[in-house]
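Two complexes follow with chain A in common, the first pairing it with chain B and the second with chain C.
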Partner chain A sequence: MAHHHTGSVVAPPKLQIPKNFYIACGAAAAIGFLSFGVGLVAVDPARAWKAYLIGLFFFTIMAMSGPWLVACLNLTRGGWAVTVRRIPGSFWAAFLPLGVLAMIFALGGVSHVYEWAHVEYHDALVIKKLSLLNQPFFIASTVIGYSAIGGFGFLMSRNSYKQDETGDGNLYRKNLVLSAPFLILMSLGLTLLSVHYVMSLQPHWFSTMWTVNIWITGVQAGLALMCIIAVWLSRKGSLRPFINENHIHDLGKLLFTATAFWAYIAFCQFLLMWYANLPEEAIFWNTRMSWDDPMSNPWTIITAIMPFAKWVIPFFLLLPRVTKRGRFLIPISIWILFFSVYEVWWWIAPAPVPNVGHGTGHGSGVGEAVAHHGPPALELPWLELLVWFGFAGVFAASIAWALSRWNIIPIKDPRLEESMHFHQ
Partner chain B sequence: MLTDHTGSGGMFALFTHQGEILDAAAKARDKKFERWDVFTPYPIHGMDDAMGLGRSWIPWVTFTAAMVGLCSALALQIGTMTIDWPMNIGGKPFLPWPSFMPITFELTVLIGGLTTVAVMFLAGGLPNLRPKIVHPQITTDKFALYISADDPQFDAVATREFLESLDPLTVEEVRFDR
Partner chain C sequence: MATITKQGELTGRSTYIDGEGPLGGPRIQREALTTGGKTYAQVDEDILYHTEHFPTKLWWLAFAISATVAGVFVTSAALLFTTGMGTQGINSPVGWGVDIINFVFWIGIGHAGTLISAILYLFRQTWRTAIARSAEAMTIFAVATAGTFPLIHVGRVWFAYWLIPIPNGRGPLWVNFNSPLAWDVFAISTYGTISIVFWYVGLVPDLAIVRDRAKNKWRKLIYGILSLGWRGSNRHWRHYESTYLMLAGLSTPLVFSVHTIVSFDFATSILPGWHATIFPPYFVIGAIFSGFGMVLTLSIILRKVFHLEDYITVNHIESMTKIVMLTGMLVGFAYSTEFFMAWYSGSEFEGFAFMNRAFGPYWWSYAIMFSCNAFIPQLFWFKKIRRNLYVVFVISLFVNLGMWFERYVIIVTSLHRDFLPGSWGMYTMKPIDWAITLGSFGWFMSMFLLFARALPTISNFEVKMALPPDEGAGKVYKGGGHHAD
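Right after this comes the complex of A and B.
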């Protein structure tokens, strides 16, 4: 272990993404955004924009986990992960298209989805929040959030890409300097995005744990995707000297940690709101479940599935050593990804929308919609799913491009040798 | 581990490189010795496989103790708050399971963690204030493969022959002073 010959490592060939993959991504994007257009015109603009928001927000928080993990690995000098670091290191590429799509939402979707955008629905509590809840601020938080997370993610990855050519050890030091302020900026940017994009769907409601909940959901989904890509890469003969089952195991352990931490945060948030039972806090839960008469709200069953699907089942599946070290990780990760989308749908779909024009929105638009108009309807989320595929196509094409454009292994990283010999 | 718990002596071979000790350990494993150990100045990656150690049984102790903690926390709270003396607190149900969760979580972690530490001490023979050290250099720059005289296959001649065949620096007999 005392000898480091990083210059002597032979670079594996760059990743080849078949043309059909990009064609499939393009087809998914076309179907998704055509469905969105159809929904906008023929179904219900509010529902179509909410479906758009579900896809946009899911892929935004999942993409956020990439730069976040890269920054953490830089700051902790995580030598073990060097050979798999280009996987989260490719997620920055999704921020450019997602940022454009978010700007479209900020300009076109806000008035369809958020009741605070309608002066006729303002009550005393919403009026107090108007300095935050207004469209210019919404646009500003979009710009700040997407450029902070995606921009720093790009800068950190670019230094790593440069190192592939120059072998300059100082680039690693530059990334340390970028990583620390990035984590602070990312937290602030994600707070702005989570408050504006999702928390303000029910503008009376607030939770100081909301950003943490959103962050860990994104990290859990992102790690699940990283596990799938890492297992797939480790099967390639050319990468066998670089990615072994111990790297997969540690990514699996991080996924396990994220699963446990999600349960901790989600339950803490629920417990405090359930215990205090303040109307403006409990409104989030009263929209999504009924404690006394479970059958009166169709969303009760959707809510009740969450702790089992997102924690109990993946927790016990990931607990044994063997499931974290190889192919079992793929079905478990797909399960987690599915229920991360489910959670984002659960955040956004049941929230009341402003009842503008001919829309068939669920509530009157006033914060107390549930109290006055009964629980939100539970509709088969066909439109949401189709629009989600549109965002999936954009996201998959972006990271596939970044993974294949540069080396899949940071070939001159000072810790590459250490990572290649990673054991337990 | 630096110690010999049996106190009955045995034989060890001394090596200078970690590659040698890994090969030697793999050969001792294939000879199916039962009471033997490897002493190294630092942890060596791959030694578990070379010695054929398999998986530790400690996680099962942790899991069982954690389940005991979970059940006792629930029994304590449901017994006192729901069955023995039901109390109306803030209009919540008499079985307010969400408010039981923090204590349930804490006792699960506490009993699981403390039991694991205690069992690790027991399993490792700790605390051991007077460790018997096979050779002083195993804490600095040498690697030792030690076979206890308690091993069923131990034989003063055959075991020495086996250790010599590993091409070590020296092979020495161990006699512990009581």
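Right after this comes the complex of A and C.
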């Protein structure tokens, strides 16, 4: 059967990324990191480093979704996705620059952002956690997390790239062998990163659900980006035989699933903490909302928007068949991406920062530390947004490079035919 | 072109042919779903044989044993109702004992069926056709078994209708809508209803096949009524397809909601070991794990006893072992996360609860739970083990055992050490606890055996739809020479 098609199908040319795109990425990166520098010197070092953390963490969890999806497709023998698999298969490329940027944060930013890095905040509870919450361990989990996820992501994509040249069918089996351990290492790495980078911002607070929440937010954002790139690619003439509306539809369904699953996880986490109302758990919510007196905490409105913006609206927009099969997917995906950044900002920005050297930080014990924990200020996030663009430039340039450096579809994948003839 | 695969020829690996891909790469060939080169007529014969013939001696033997054990279940429940709750081992501080353990256990078993028929359907996993029907039946009987335990647990079963919020003569006495125990009533009855509807809708085309083949007047009448006048017209199929897809979409959130709300029974409390935010997805994954364990146990028996090896192939078993391994590791990940967070929280109560689980007086139950659920399924990393039905069968029994002990660990170890040492106690199962636990398996198996006798255990029409048309029409050469390849 395959012989009939061989004559008519031509391998698509490599993707051409215009030079202007890289220039724009470079400009975004320059503006972002320059703003970070200005923030560091002229605004507030703690705020600047938190803005840095928001950009870094958002792009890290979004990049994680790429190797994760590739591994899942490998293990489930997902034939339908072969022609769009290089999109998540390019996300590994972001891990090298992001890993360097994370290392800069681990070395320079930790003391500005985390209370546990300061003796003044070492109350009875924080002292118990110091064997985990210390800078050497923070650096270790950075190394483990970034190298495990990025490294395996690279190895899986490399086997696929090699197959383009050799046509060796055994390479897909090699990827099976890589994919299963990758998922285990990713779970471990992501747990370390989610505890160190975000959960420890409020060191008294804990939640067993936290890693799952971080994972699904990353997957949702990643799928939104994949949808945008896939729709854009499907409009290129040379890719018409390979990517059709059915592939877009399936990516859209996955985005819909991730949206529903995010709502499930976020709601369950909230409900259980609200219901039990234990002080050490409620602290997360008390920082971000005030149940009895909404006006006393400006973050209440930011929190109240979340369920609508992240679930209700995208859920109902993605429910009909037509919105998942073409151009409507782009505005919906942009909406989801925007509110994924919003969520990461909401995790990080309201958390209290150490107030060392500002006159009141010299006491010891719980009372002194709590004195700084008033309702957090809600400021217009101009600095956060500018710094975010810096990371966006780095991320976009990395995956554009990987998408154009190798073929845009795995031309000699054993399931290519299955994917090309994929109908629903 | 089409070739027939024999049972022993399945490898569980797709083969590829070099240079046959559209752009010169290799092209993969997936293995056949059914083996033995069945025609459409043979599929009918094989699958419907046991609904159309007098049961075998083996069936009668199994049914006699199951019904006897079910008798133990009914008798011990009757004894309990007439004598009182003192016949059970529950007491202060362990007020939730074997009834709730069995309730959660059986609800968990009842997850795989709808997962297989709804979620795997949405994911276009065609291998589900061979096991979906029996797994769905298993779901319904497991939910029916689970549903009896809260009734047993309330003690005075004649007041069980108080669980339902209806206008009543008890003054302002209503159920507590803030309580997850009341949510359970809705969650489980919704899940049970939708599961039955989904199962029945899927059965209709098969019931019509049984009706059309019936030679006996009564048989034709009964299956005729059950098949709702199905004639297989274009209109019927169009309605069927959209209804089935719609029900699959509606069932999917229900698979999550049921065990999520069961987990709320524990997690909304402030008891160390119970109050963990990860409980909802962890319970759902555990339920899928145990459900697949039970599907494995049952389908290995079913294919052997009913000679369905060509439909439920070793490849089907292997796919299920992979899901068991994945979910087993996710459950292990949840156990480890709980343990880690108990330390990280810095809460002495949390820390104590988990140290007590692992090293306290009930350490053995924790050891059984952890090894059966997180360690033993690791054997499935080896392909040889995944395809060795004897080993798979034994491991599936360990999965069932481990998941029963998971609920034992959660309920007993968290309750037996109260906040004040003065209120500490131990929990010992009394004879009636054992009788009711073992009896529930007989109750469940009796229903399953009756189902296997009366209804097609495999979705007949879906197997036919998945057959290559040439093979189904018998146009493939089936001479002896071909088989010798």
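Throughout what follows, the second predicted complex is superposed on the first by the 399 of 424 C-alpha atoms of A that agree within 3 Å, B and C clash if a C-alpha of one lies under 4 Å from a C-alpha of the other, contacts with A are read in each partner's own complex, and residues count from 1 in each chain.
Throughout what follows, a residue touches a chain if its C-beta (ideal position, glycine included) is under 8 Å from a C-beta of that chain, and two chains touch if they have at least 3 such contacts.
In this text the structure is predicted, and so the values were computed from the model without any measurement.
Peer 1: Both complexes share chain A, so when I overlay them there, do chain B and chain C fit or clash?
Peer 2: They clash.
Peer 1: Is A:387 in contact with chain B, with chain C, with both, or with neither (first, second, both, neither)?
Peer 2: After superposition on chain A, A:387 lies in contact with neither partner.
Peer 1: Which holds for A:275: it touches chain B only (first), chain C only (second), both, or neither?
Peer 2: both
Peer 1: Between chain B (first) and chain C (second), which, if any, makes contact with A:63: first, second, both or neither?
Peer 2: A:63 sits against neither chain B nor chain C.
Peer 1: Give the label of whichever partner, chain B or chain C, reaches more residues of chain A.
Peer 2: Chain A has more residues touched by C than by the other partner.
Peer 1: Report for A:423: first if it touches chain B alone, second if chain C alone, otherwise both or neither.
Peer 2: Only chain B; A:423 stays clear of chain C.
Peer 1: Is A:230 contacted by the first partner chain B, the second partner chain C, both or neither?
Peer 2: neither
Peer 1: In the overlaid three-chain picture, which partner chain does A:321 touch, first (chain B) or second (chain C), both, or neither?
Peer 2: first
Peer 1: Need the overlap of the two footprints on chain A, from chain B and from chain C, as residue ranges.
Peer 2: 271, 275
Peer 1: Under the touch definition given earlier, write down the residues of chain A that touch chain B in their complex.
Peer 2: Within the complex, chain A contacts chain B at residues 267, 270-271, 274-275, 277, 321, 421, 423-424.
Peer 1: Which chain C residues qualify as touching chain A in the complex?
Peer 2: 14, 16, 18-28, 30, 253, 256, 260, 264, 267-270, 275-281, 329, 333-334, 337-338, 340-341, 344-347, 381
Peer 1: Okay, in this complex, where on chain A does chain C touch?
Peer 2: Within the complex, chain A touches chain C at residues 2-3, 5-6, 9, 11, 77, 79, 124-125, 128-129, 132, 163, 167-169, 180, 184, 187, 191, 195, 204, 206-212, 260, 264-265, 268-269, 271-273, 275-276, 278, 280-281, 411-418, 420.
Peer 1: Please give the residue numbers of chain B that touch chain A in the complex, ascending.
Peer 2: 45-46, 55, 90, 92, 98-99, 101-102
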